[in-house]
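In order of appearance the chains are A, B, C, D, E and F, and numbering begins at 1 in each one.
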Amino acid sequence: MQDMIRNTVQKLEENRQSEPMISSQRIMPDKAVIISIIDDLQAIIFPGYFGKITDEYSLGHLVSSVCSRLCCQIDAAAKLRGIDINAEDICRAFVEGLPEVQKTLLLDVEAGYVGDPAAAAPEEVIFCYPGLYAIFVYRIAHELYRLGVPYIPRIMTEYAHSQTGVDIHAGATIGKYFFIDHATGVVIGETTIIGDNVKIYQGVTIGALSTRGGRKLEGAKRHPTIGNGVTIYAGATILGGETVIGDNVTVGGNAFITQSIPAKVK
Amino acid sequence: MQDMIRNTVQKLEENRQSEPMISSQRIMPDKAVIISIIDDLQAIIFPGYFGKITDEYSLGHLVSSVCSRLCCQIDAAAKLRGIDINAEDICRAFVEGLPEVQKTLLLDVEAGYVGDPAAAAPEEVIFCYPGLYAIFVYRIAHELYRLGVPYIPRIMTEYAHSQTGVDIHAGATIGKYFFIDHATGVVIGETTIIGDNVKIYQGVTIGALSTRGGRKLEGAKRHPTIGNGVTIYAGATILGGETVIGDNVTVGGNAFITQSIPAKVK
Amino acid sequence: MQDMIRNTVQKLEENRQSEPMISSQRIMPDKAVIISIIDDLQAIIFPGYFGKITDEYSLGHLVSSVCSRLCCQIDAAAKLRGIDINAEDICRAFVEGLPEVQKTLLLDVEAGYVGDPAAAAPEEVIFCYPGLYAIFVYRIAHELYRLGVPYIPRIMTEYAHSQTGVDIHAGATIGKYFFIDHATGVVIGETTIIGDNVKIYQGVTIGALSTRGGRKLEGAKRHPTIGNGVTIYAGATILGGETVIGDNVTVGGNAFITQSIPAKVK
Amino acid sequence: MQDMIRNTVQKLEENRQSEPMISSQRIMPDKAVIISIIDDLQAIIFPGYFGKITDEYSLGHLVSSVCSRLCCQIDAAAKLRGIDINAEDICRAFVEGLPEVQKTLLLDVEAGYVGDPAAAAPEEVIFCYPGLYAIFVYRIAHELYRLGVPYIPRIMTEYAHSQTGVDIHAGATIGKYFFIDHATGVVIGETTIIGDNVKIYQGVTIGALSTRGGRKLEGAKRHPTIGNGVTIYAGATILGGETVIGDNVTVGGNAFITQSIPAKVK
Amino acid sequence: MQDMIRNTVQKLEENRQSEPMISSQRIMPDKAVIISIIDDLQAIIFPGYFGKITDEYSLGHLVSSVCSRLCCQIDAAAKLRGIDINAEDICRAFVEGLPEVQKTLLLDVEAGYVGDPAAAAPEEVIFCYPGLYAIFVYRIAHELYRLGVPYIPRIMTEYAHSQTGVDIHAGATIGKYFFIDHATGVVIGETTIIGDNVKIYQGVTIGALSTRGGRKLEGAKRHPTIGNGVTIYAGATILGGETVIGDNVTVGGNAFITQSIPAKVK
Amino acid sequence: MQDMIRNTVQKLEENRQSEPMISSQRIMPDKAVIISIIDDLQAIIFPGYFGKITDEYSLGHLVSSVCSRLCCQIDAAAKLRGIDINAEDICRAFVEGLPEVQKTLLLDVEAGYVGDPAAAAPEEVIFCYPGLYAIFVYRIAHELYRLGVPYIPRIMTEYAHSQTGVDIHAGATIGKYFFIDHATGVVIGETTIIGDNVKIYQGVTIGALSTRGGRKLEGAKRHPTIGNGVTIYAGATILGGETVIGDNVTVGGNAFITQSIPAKVK
């Protein structure tokens, strides 16, 4: 047994030395710390629910602690990507934006409660709904994406993805009063634009027509534009960067759409 | 940095004081405790598998411990919702029902094993299948839902949802000998009624036609009725409170159904 | 309360004594240990990323430690299934195969990076993409499946399933340079065969036509064969053991396919 | 084996029912919480050393959190003793006294540093010296003792005792600028009075002459009075409630003293 | 750095191969498990205090669980020592003896409370006094010592030693109604015999005259015999296997005794 | 309550700003990491006992991991003390010395086993004896002390002190074949020199005559010199930098010695 292990370790060591993708030691951002930041931001934004915020001191302490942890992680991520950004400036801008993000999320809660007859109270939406959780993480990650932070937005949305089955790329642009019902199996691509007052259901994809073009498409608008007041039922698939769903349109369940639909007069 | 943090904390504190949804401190049910209750009920119901039950003492100890933890959580949930229920009476009824729930779940295991050629033994169903896990949590949560407990059934089914991608509302009514194959991306709505001996596959939605009506629909039958002996293949969507799928019908993969289908004579 | 608990415990104890499926105490494989093995194999195969491998000593130590933990788990699983296998021989074969598995997975990383315009660098694929994670766990589990290990491959793939929403049966055969984009809601059945250079998207099912035949189908080829260079878009369903998708075919989004499609001349 | 266990459990159950000291279920104060309060008070009083205090928010948060945990524990302790005290008033007085306690402890640090040639810097005294730790815990516990809190002062000093081998009863009265060198094996009894600027060494006992009188002595002054500027060398034993060691006296190592010693003119 | 590490590892490896005391891999008893057994026995013997025992089920469950953990540890210890004992028989005898040990310990509590004017209630003795803790661990360990178990009694008493500074060898014989006040720095040797109703204080040694004779003395009576009703004050040292302290004698503080003292007529 | 907390926090904040000893934020060495280093060194030096070393890989991995953790801690300690040392060079020298330290410790084990008739086997000394543990930690800490590392040697010996009641200053010089029986309440000062083949018992102090001279004595030889083959019985106190105990002398229990004793002809 010892000999076999020695031989195999030697081969793995040779692979490690020769394969460029795994040969160098990287300092990666720390997933556990990033998840702790998400948890604490949830407590900061919905202070009545998670027991951590009881007065101005606990609020200030959590904000200040999130700020310093985030700063470290942004530094690590920038070093890994090889870009030169000012982690402290980014943190400042991110933290300054939190009160606005909070207000936007409270509108999302309202959309979730008003639109779901199964919700017994708004706090059930905040405390139990994976749809709201996915939107909360997206809105946080989107701020960091906008500020040019690499890796971390992705780690955040993939964490929400693994918890909820909802995969919203941090680069997507989503308006106010948004909700996802029975959140599961949802995909929203990087260059998607979604208006205000939109509701979508489980299994909806808002994606690219094809990515066999691969890396040549980097940066191009590959995902649809969704107008205001649109409803998209379960299992619908809407594809393509030039596809525009007009205001107030209702997309039926399991629909497969690759062309634009004009706005509906109310 | 300190000044920015001070300003932002002040704004967040103002939001906290002025927004009713987050301004008051709530005692929420404790998710970690509720998950521990689910874990222990799994050991009580499938005693040969999870190492916690070795004799009558360990069984009695676990039942009694689940009972007292559950009692606390029901109290917290009732206080939060502002309703007046007798947590102890509910616990009593819940615990008294466990032997029946156990028998029902053993039939579900049989359905899972008999119906899946990839299952090597019934214990693989109990120990590994997310479909059975989702059904187990649903059956537990449904008992609490029937007894009028707020929040906790939802927290339980959302936990199963995040673990399995299967979202069965605790209010749904599901008969005996039920199974979900390749459990993922499944949604079963609150007022759904499902008969005995039904099998469904991944990606199936049994949902509402539209909830744009929102809160006005609270309490209405918004989800389909599924007869006995029905099979629903992957990706099928069945919608509407008046939609009835008759006994022994087979619903094809990716089907989109908003109207009733009569029973099939065997 | 005490009397009710005493009565219920007595009934549960009677169920436990009389129901064969739960009456005997089993030594099950340990899920937590199996997850730790998956974690350590991820560090062994992608050594630059998870901080555990810094030199030949740490590599050798981790390989040797995985080997002994795996050996124990295989023993437990074999005893449970009642089969007689040599856990040490299997471990030896498994560990000897690791350098090859590593090379295959590095090709999968390349496929993921080259094919996704949203990926900023190959390391984002390794560190963040649930698609790659699901493939990594599948490739590990498949080796154990090939070597005749019961239960453990299933526990591994179900763990990946719960983390990613991707359910690849460890028995499936999958070629090189494989990738799953927006990995969620994917099902790939036990007897599926997939060629090289295949890319699939979220919500794709490669499954059986019907399993109402149940246990009689055990061992039969029940799932499709997919050729080289095939692309399968989101939500497509391909069913049946005799269904063959020819080389270089593109399967459209939400397609429902139960018959073969001939290869496409490039 | 099962039968023996059943018989033994029955006997233990009979003991439990019949022995008054163990028969009723008590809600005891929670040792782990009390230790966490000690830890946090250490960070509050020596803010530059334990990483928890970085700004006014973290300071305020920790003070407020200690205050609410302490309040709960005092309530539990009072209920257990069967006395009626206002836990909130006591907490208020205790917290208000913290800045004074802090100043006193900083003088103790100075005494420790100035008096020990082996100390390289005052922070070595704060961070490493068990003598200072025992004095810190005593000063905290003494405040609670003065305020009439049952059990908790004892739990605190016994914790310090187990960490350091120094057993200072929370009821003792100790002046400023106090230090214990090589702190281990030290006992200072409940009714001891110690002046300012006293230094003692390992193995010193300041105790009662005899407690064979037992409970009849409750409340009596049973332990010595030590003047200002006294030094007591290793292993010395000073006993008796009427024994007074005068100002500036030096008590030799291993001395055994049961009678008063007059003050020494400097 | 790598080279130095490589050289040093090689030397350490050579030491490991050549030094018989460290060359073979031993399965040692597991200290953490043994500590958990001590904790659970404390809850079994003082059921009203540690929250684990609430009814007959929890009592039975804990007894049965202690029994199986202890059985494993005894097996490991016997294998290590190379002796052939029946772990199950020993466990049986040990568990059957627990109700008697419990009664003896309740007398020790009474001795502690009655004799200490600083104790506010008997439960303070049970919950806070290191003296009682050391006696409790000794009485448990002594039972195992009597039954011929190697290593484990020592591990238990050394654990109590590190927690309290009281080092009672598990082989000592100690009568009823025993107490140690201000427990710290106490040593009681292996062949000591102590009568009923004895009270000792901090810093007391009941030891061997000399052990320079070393291993030749193994098994000999090397430690004193203490009669009934004896009190031994702080810092006293009593040495020698032929030294007998007669009934009702009081040994003064810091006394150094190597010869017998006749009994005192009351 | 809130107002009182606000006032108190303000006062504590003022203290924090104005008291130099607590006003600046220090990066302290990390006690938990230092304890983990002690634990791992114990496994490296006594490889057959703690389960971590099973082959050359695990040995090399642990050595390399201890080395990098130690390097970090030395850096932090040096920065705190404000001195400029090369942490990497020190680590190198420390690690290179480990095989020698190991050999010395194996002689200590032998001394402990041969000299204690209560020890059943040498492994009982390694696995259970606090005396050996205190010597092991001292020998490690002494190497770092010799290499000029600040703080860390002290943190190490104080940890051993809190675990065992034995306080050996890392600066003391101790020869081969050393043992402490019934280790508790022992103090050995910074400038003590102890020869080979010395055995001491509980409660022994080898200390300074007086430290009222305080910081002026820094660096002076303040503690005794003990010759080869000396035995010091329980409770003995030996004081003073000019006190020399000659070879082969036996110091009686509770002796109080401040003057030299000539060597004894064997």
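FYI, a contact is a pair of C-beta atoms (placed from the backbone, for glycine too) under 8 Å apart; a residue touches a chain by one contact, two chains touch by 3 or more.
Small disclaimer: the values here were computed from a predicted structure and weren't measured.
**Student:** Shared interface numbers for chain B and chain C above half of all numbers used, same, or below, different?
**Tutor:** Counting which numbers both chains contribute, under half are shared, so the two copies meet through different residues.
**Student:** Which chain is most remote from chain C in terms of Cα centres?
**Tutor:** Chain centre farthest from chain C's centre: D.
**Student:** For the two copies chain D and chain F, what rotation in degrees overlays their C-alpha atoms? Round to the nearest 5.
**Tutor:** Resulting rotation angle: about 120 degrees.
**Student:** As a test of understanding: of all chains, whose mean C-alpha position lies farthest from that of chain F?
**Tutor:** B
**Student:** So what's the Cα centroid distance for chain B and chain D, whole Å?
**Tutor:** Inter-chain centre distance comes to 52 Å.
**Student:** Could you tell me the distance, in whole angstrom, between the mean C-alpha positions of chain A and chain B?
**Tutor:** Roughly 26 Å, centre to centre.
**Student:** If a residue has to touch 2 or more other chains to count, which residues of chain E qualify?
**Tutor:** 9, 54-57, 59-60, 63-64, 165, 184-185, 203, 235, 254, in rising order.
**Student:** Going by the contact rule set out above, which residues of chain C touch chain F in the complex?
**Tutor:** 54-61, 63-65
**Student:** Spell out the residues on chain D that touch chain E in their complex, using ranges where they run on.
**Tutor:** 1, 4-9, 11-13, 15-16, 19, 21-26, 28, 80-81, 150-151, 154-155, 158, 161-162, 165, 167, 169, 171, 184-185, 187, 189-190, 203, 205, 207, 210-220, 222, 235, 237, 239, 254, 256
**Student:** Can you name the residues of chain B that touch chain C in the complex?
**Tutor:** Where chain B meets chain C, its residues are 44, 46-51, 53-54, 56, 59-60, 63-64, 67, 88, 92, 95-96, 98-99, 102-103, 106, 109, 113-118, 120-124, 126-130, 163-165, 181-182, 184-185, 199, 201-203, 231, 233-235, 250, 252-254.
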